[in-house]
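Pasting a structure here, questions to come.
We call the chains A, B, C, D, E, F, G and H, going by the order they appear; numbering starts again at 1 in every chain.
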Amino acid sequence: MNQDNLTKVLSQVANGFLSVENAQRQLKHISFENIDFAQIDHHRSLRKGFPEVIFGQGKTSDQIIGIMERMIINEDIILVTRLEKKKAQKITSKFQGADYFKDAKLLWLKKNEPKITGIGKILVISAGTSDIPVAKEAFLTAKAMGNEVDSIFDVGVAGIHRLFAYQEQIIKATVLIVVAGMEGALPSVVAGMVKAPVIAVPTSIGYGSSFKGMTALLGMLNSCSSNIAVVNIDNGFGAGFMASSINHVSAA
Amino acid sequence: MNQDNLTKVLSQVANGFLSVENAQRQLKHISFENIDFAQIDHHRSLRKGFPEVIFGQGKTSDQIIGIMERMIINEDIILVTRLEKKKAQKITSKFQGADYFKDAKLLWLKKNEPKITGIGKILVISAGTSDIPVAKEAFLTAKAMGNEVDSIFDVGVAGIHRLFAYQEQIIKATVLIVVAGMEGALPSVVAGMVKAPVIAVPTSIGYGSSFKGMTALLGMLNSCSSNIAVVNIDNGFGAGFMASSINHVSAA
Amino acid sequence: MNQDNLTKVLSQVANGFLSVENAQRQLKHISFENIDFAQIDHHRSLRKGFPEVIFGQGKTSDQIIGIMERMIINEDIILVTRLEKKKAQKITSKFQGADYFKDAKLLWLKKNEPKITGIGKILVISAGTSDIPVAKEAFLTAKAMGNEVDSIFDVGVAGIHRLFAYQEQIIKATVLIVVAGMEGALPSVVAGMVKAPVIAVPTSIGYGSSFKGMTALLGMLNSCSSNIAVVNIDNGFGAGFMASSINHVSAA
Amino acid sequence: MNQDNLTKVLSQVANGFLSVENAQRQLKHISFENIDFAQIDHHRSLRKGFPEVIFGQGKTSDQIIGIMERMIINEDIILVTRLEKKKAQKITSKFQGADYFKDAKLLWLKKNEPKITGIGKILVISAGTSDIPVAKEAFLTAKAMGNEVDSIFDVGVAGIHRLFAYQEQIIKATVLIVVAGMEGALPSVVAGMVKAPVIAVPTSIGYGSSFKGMTALLGMLNSCSSNIAVVNIDNGFGAGFMASSINHVSAA
Amino acid sequence: MNQDNLTKVLSQVANGFLSVENAQRQLKHISFENIDFAQIDHHRSLRKGFPEVIFGQGKTSDQIIGIMERMIINEDIILVTRLEKKKAQKITSKFQGADYFKDAKLLWLKKNEPKITGIGKILVISAGTSDIPVAKEAFLTAKAMGNEVDSIFDVGVAGIHRLFAYQEQIIKATVLIVVAGMEGALPSVVAGMVKAPVIAVPTSIGYGSSFKGMTALLGMLNSCSSNIAVVNIDNGFGAGFMASSINHVSAA
Amino acid sequence: MNQDNLTKVLSQVANGFLSVENAQRQLKHISFENIDFAQIDHHRSLRKGFPEVIFGQGKTSDQIIGIMERMIINEDIILVTRLEKKKAQKITSKFQGADYFKDAKLLWLKKNEPKITGIGKILVISAGTSDIPVAKEAFLTAKAMGNEVDSIFDVGVAGIHRLFAYQEQIIKATVLIVVAGMEGALPSVVAGMVKAPVIAVPTSIGYGSSFKGMTALLGMLNSCSSNIAVVNIDNGFGAGFMASSINHVSAA
Amino acid sequence: MNQDNLTKVLSQVANGFLSVENAQRQLKHISFENIDFAQIDHHRSLRKGFPEVIFGQGKTSDQIIGIMERMIINEDIILVTRLEKKKAQKITSKFQGADYFKDAKLLWLKKNEPKITGIGKILVISAGTSDIPVAKEAFLTAKAMGNEVDSIFDVGVAGIHRLFAYQEQIIKATVLIVVAGMEGALPSVVAGMVKAPVIAVPTSIGYGSSFKGMTALLGMLNSCSSNIAVVNIDNGFGAGFMASSINHVSAA
Amino acid sequence: MNQDNLTKVLSQVANGFLSVENAQRQLKHISFENIDFAQIDHHRSLRKGFPEVIFGQGKTSDQIIGIMERMIINEDIILVTRLEKKKAQKITSKFQGADYFKDAKLLWLKKNEPKITGIGKILVISAGTSDIPVAKEAFLTAKAMGNEVDSIFDVGVAGIHRLFAYQEQIIKATVLIVVAGMEGALPSVVAGMVKAPVIAVPTSIGYGSSFKGMTALLGMLNSCSSNIAVVNIDNGFGAGFMASSINHVSAA
């Protein structure tokens, strides 16, 4: 449901052409749609500036296609995350314009290229080669939401001179996403270098007492830097979404 | 060390009036100062836009006074966090312009009122009465860093109509800080209502399996809303700092 | 063992036709039956109002069939939970009246439709599409135990207007089962809306620090609402059983 | 806000004597009241059948008295939980009709004796002598909410014949609350004896690997009995509230 | 190395026929044997009354056969635990007298039936059908070590009358092994019925917050009965070994 | 209730002098006694060979005295564990024959010296000086229950030659109790030296990641020796009780 | 980048043949190389005395080959750890001089045999047969880095005489690596025997409450011996690296 | 027991002046001494190059004085760790030459200044002001054991330029001890700068999810640098001891 439709309904109520009861019923259907296994939140675009994102994990490709068919009527872009290759193939053969990014396990279907609407540039930094899939999920999410995005991969703290080589680019970023597994120290170091907000993303990379990302997560939450906040383990999507939200702040 | 001093040193190097070795030594002293028990990071104002904040816990009042005496020379405002009442009294009798906020365990000493430099308004929301001290620490930190800040206290999800009564104010905020203990559900609900970024702050309020805030922390990290990122348990200061950082973003 | 048989044995003892020793031996066999790998609790129908339920996980299909053959003599309905599809096929080819529900991994075999004996209606609510299998296990269990049951799926707190659209139906329920993964916030919000008892069911849906449902479980245990109690992670069966138990309370 | 006032406002809206905007504003104030440090949920009596309960921990006696003064205008009974003796003394000297129960750390102030409105009898059972304070908090909460309540203390499983001596009383209860620390086995055994719903309450009694009640909590969540649901550690209040909610179920 | 060989060597030293250095070297080889990937503890029979037991998990069938070939020279019985079926087949085709117990994943090879040397009877009790494999491992281990052993399976606390039906047999046992998963309450109840020592064995049976046996383990460690001690999760072998050790105690 | 009284009641039933109903009622009172805050398990001596032990923690001295007054009528010895010095003083001034052991926080009151009834000797070994209080609780408990007991303190594995100096004494023990904090390695080493059963007792001695005894507990549960079983952290009483139970085993 | 190249660049700057800007750019490329998915730290040989080691897990064989091709230009030896057999086969067919060690999952490619440069001998000790793969990874890593290395396998504490048989060899070692799973007691015992530094390596060998090595890790961190430090679970590589670092210490 | 005494005893055995039995008995007393509450390990100087260190926590000042009186006969230096001020005062009034270091809670008593016997210099680095007490414990321990030691305090990663200012000093160290709380990132960064071995010491400094040092500990164990090993939380003593052990390595 876009802004125009909403305005129309409300005017009719104001003019007495539409009773309160009827308007309520109509807005209920506009605001979300019950398709048996899902209640699609069509109102989300209005409320949050971006349509509901489909969490691919635990849904069949048929369910995903069903949701996409309803959403594409009203939305300019649809994002599906955590999507296995096999399901993606079924979906891309149905929606031929859809793009699937294997590394990031992310698919998008868009009517046209997202306009760049963010304030500045989002920079995605990752500590190791194995953290790249999570970093790419963040990268693509932010891209889809209308942001300029850059990336620097494999600059972990064991060879910290690699990080400082990119100091200028780092200082210029409007928002930073820093992705790291193992001890998760990189976001602290990066946040110490800049005044911009840093979104820290722990990954499940590591072994033994890395506890599938718990160690990195705890490290980031206890950072001695303060311009930092943390998202869930491997949650590249959430990091990209939050960074975009930050890159779009405005006075009321 | 402010921007002007730095420019002067660098020009002298460029002109050959100052050798690289001497400049290096001089800049080292400008950038931080070794006072035995601390290495004061005078460079932080330059780098991060706000001077180093003194973590009061685990320092004696004498140590804190010592650090404040060095910092006040160059800085417009000094913040001390996690400061017990007894230590605060010693400090306020030394620096008579200092203000101590008992609830928030925060002290500030400022040469003049901080200028409002942020983009919009920061809104601090807390779930329960017992979460107020953490919420106030966030509030005052954001205030000190040049932001307009508002607050709504005691609007937890057990009586969710209280929250919706403030919907208009919530939707208008540029950045939101949401503070909650127990199950920590409030940030999810608030983030679902807005497109602005939400900083979630778990508190140690609760008992039994609340595990001193761990339950609230985990709940917030697993939020089904996406415009959310989390700071450490009871870390009102970090939330205020991050929110201010977000409220000051700009293109490079 | 039904009530009639029991009465007969006891009368014989009273009349001296049956010695205490013999009665004891006979009642022992009536109350449960030792079939090598299991001690079937035939007494459970008498004691608890519903026959022993077969936990399918970790039993072979032959073992399950063996138990069912003994139970079907005395019982009107047999429930098998956590039953994999393959085992279910063997069982349904043996007992042709049996119904298998793939989503819920539940099978039942019944002599006739269960009579509705509960006080009012049980309502099963789930937060996300992926929580549906657990919700369905609860739904079917309650159904089998003689309750009217309704359901609302996919009304998580990220779009809380979807929940409020069903407010009327929610308020009318006699008992509610609320199923959620991730941060597990939905039961708190629902319990805040009603005076009826709410059974909260955490699911293992989520990733990273959701810890396979632990985060949702802890959140529910620390709910700021009070008309709430919690069952084990993914324990749809237990929730349905407890809800039915509540829906059948009576004065002594 | 009671039912009558609400009816009056709504009629005025229907008749056009009150605009929607004004009614909205008025109902907002009726539904809750902002007294600086708290947003008292006056609507709770209407919604949940019992007024908001004051969680005493972390509030000053002045704050509690402030809230009580507002609430007593509209409510017949006020409950304060987790209240230390010292604070209680201040409160009872202010409200002379108030009763304080030291063991249970609970205070109530009531205009008249609560009417018995529940379906049957609630029975509170505790495993050990040290579990009695939690059991009493449950007992008094249920009492305050209009239930007949009985109790059996110190019947832990190490001498299980003590429990079976009370079998008749146990079987007759409409709802059971079973309180236990250490390994928390008692609720499983009790639930195996009855068909009524059992609320299991873990306590923090124990040492070493009892982890302040975590072991009892986990044991109860994994009960092999099914007519059981669990509340937070030491949450006697929640257990009493939930039991009362169950003891008051009715068809819509 | 049996007692006789040892006596011979020592006599030779006493008589001066064997130097201390040579005796030391000889006894070193007798006491254990280095076969590249293992240091077989031949001394164990002497020291502990039973030869070293081969932990099958993580060893190849060739490694196991290699160790068995060396051990069978001196020992009357060899036990292999945690042995997968495939490996077992290779071993039984090599040692045709070996018996493999699929449920218990245990293999033994013996020169003659173990003599009953224990004081009394060991009784193995299990809570559920799924706990039987662990119970059988305990049963067979105790059997192999020269004990009379009995078993009662599937007498969990949800239908506690099944347990009491076996009261006489339970009271007569010299040592008891009680195996249970889920909440692990059975050992507490059994230990409350007897004065004999009870070995509690938690199993990994359960789901959700059973944490693969951790909940049962913690419950057993916190038992309110005192004639109880606990072994590792699923450690049927250890329980059988410990029970046999108890069943063979004697004055010095 | 001793054996004689029981025999008398049962004979009367057999002869028809006592109806079943009356006998049942009488035996119920004999078996335990309800004194308001406790249900004293008088039947325990009969069933377990030792009277109920009073857990002092969380009981007032008046409650303890109340229980002791009832018990001393029928019992030869009363044990109170986890008893603070202050409470002990009140009790010893009431019962002048009582002995209080400050280190072990244990009190006993006995009519005459316990007869030595155990099979052999129990040996208590502790790793460090700080583990002595727990070791002494085990020592005294075993003593009270009719066992010969010896002890060796401060023989931790960091200087393992100290342990081997006592090898002869260790090998001769009938049952061993091994008490250790920190990494808890001592029981493994001791159990490797003997064939007798070893009760391992973790203590809360240590710091940092010793987690108040959790590390020692886990280490002991995962021992590579097999004649070992474990009790709760700091549970010297349980260890002494279990060791006595083992030292009293007999054929049925 | 070796020492000679670096000297050349720096001399040119000193002589004015190379501007500071150009030198900076050149050194940046020398210090590390950006090959899209990795930033190869060529500077590491200079800084740490050994080239960057390739962590094979989570990289494709093509990525590994790509990195090896760049590194082999400047380095004498390349190490790849945690390398699955399949990937290894592709790599050894590309680099025919490469050796793959299946047990240790380690591959090396070297221009010539590493020179022995360490101070003394490194001794690798393992507790059980199943710990050998981790022990071998440590062994080979230390070997590759220029150390003499010896090993003793399968000398766990359950038969501690096996360990003492090797006392002489143990006492002579310059650095010790002790590898153990289950309760992880071996490093404490070994460290108590020597004055040399001991690197303790917990392994994930065990079951139940061994928690995949966590129990062994905690045990080692709480060792009552002091010449001990610990690496991550299963981290044979890190242990070998650290031991080599110790075996190469020198005065500045 | 020093080397000379030992030689004398052994010669007498060789010459036949002393029987094996007598020598064994004599060496037993020399090797350790049983003083009731402790078995003083006099052999430790011989075996480990430094006398047994007294762990002050949990011992009375009288016990400590008792041990010191025995030890001072044979030893040149005695170390007491984790010693509270009050106990220290009693000890220093008894042994007037003893020095007590309040910050580090460490006391030493020495006959003469320890000779510098280590290979090079040990450098202690700490992240924050609050980590200084742990750093000082490490510093003094290493000092007492015959090492040259330096320190740099308060150079945490939030202002990483402070660390690099000391790069030269850091690179020259023979062994490094790096002490940090909160996220514990400093050791990774330092280890990335040097080839010398780094001992990482987590501290309990932090709050919320720092879990009293657990987060720092896990971070250090998962370091992406490899010349690192870790000791227990707040274990400055162990770090100093291990560093000294490394600084004294030699070929056999």
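The working rule: a residue touches a chain if its C-beta (ideal position, glycine included) is under 8 Å from a C-beta of that chain, and two chains touch if they have at least 3 such contacts.
Worth saying up front: this structure is predicted, and the values here are computed from it rather than measured.
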item: A-G or F-G - the one linked by more C-beta pairs in contact; value: F-G
item: Geometric centre distance via CA averages, chain F-chain B, whole Å; value: 54
item: Inter-centroid spacing, chain E versus chain B (mean Cα positions, whole Å); value: 60
item: Chain C and chain F: spacing of chain centres that average the CA atoms, whole Å; value: 42
item: Residues within chain C bordering two or more other chains; value: 47, 128, 158-159, 192-193, 208-210, 214, 217, 221-222, 226, 232
item: Those chain pairs that satisfy the touch definition; value: A-B, A-C, A-G, A-H, B-C, B-D, B-H, C-D, C-E, D-E, D-F, E-F, E-G, F-G, F-H, G-H
item: Chain B-facing residues of chain H, complex; value: 128-130, 132, 153-155, 158-159, 161-162, 165, 205, 207-210
item: Residue numbers on chain B that touch chain A, as the complex places them; value: 47-50, 53, 119-121, 172-175, 192-197, 199, 217, 221-222, 226-232, 237-239, 241-242, 245-252
item: Residues of chain D defined as touching chain B within the complex; value: 28, 31-32, 37-39, 41, 43-44, 47, 52, 55, 57-59, 63, 82, 202, 204, 212-214, 217, 232-235
item: Complex interface listing, chain B residues touching chain C; value: 127-128, 156-160, 182-185, 188-189, 191-193, 206, 208-211, 214-216, 218-226
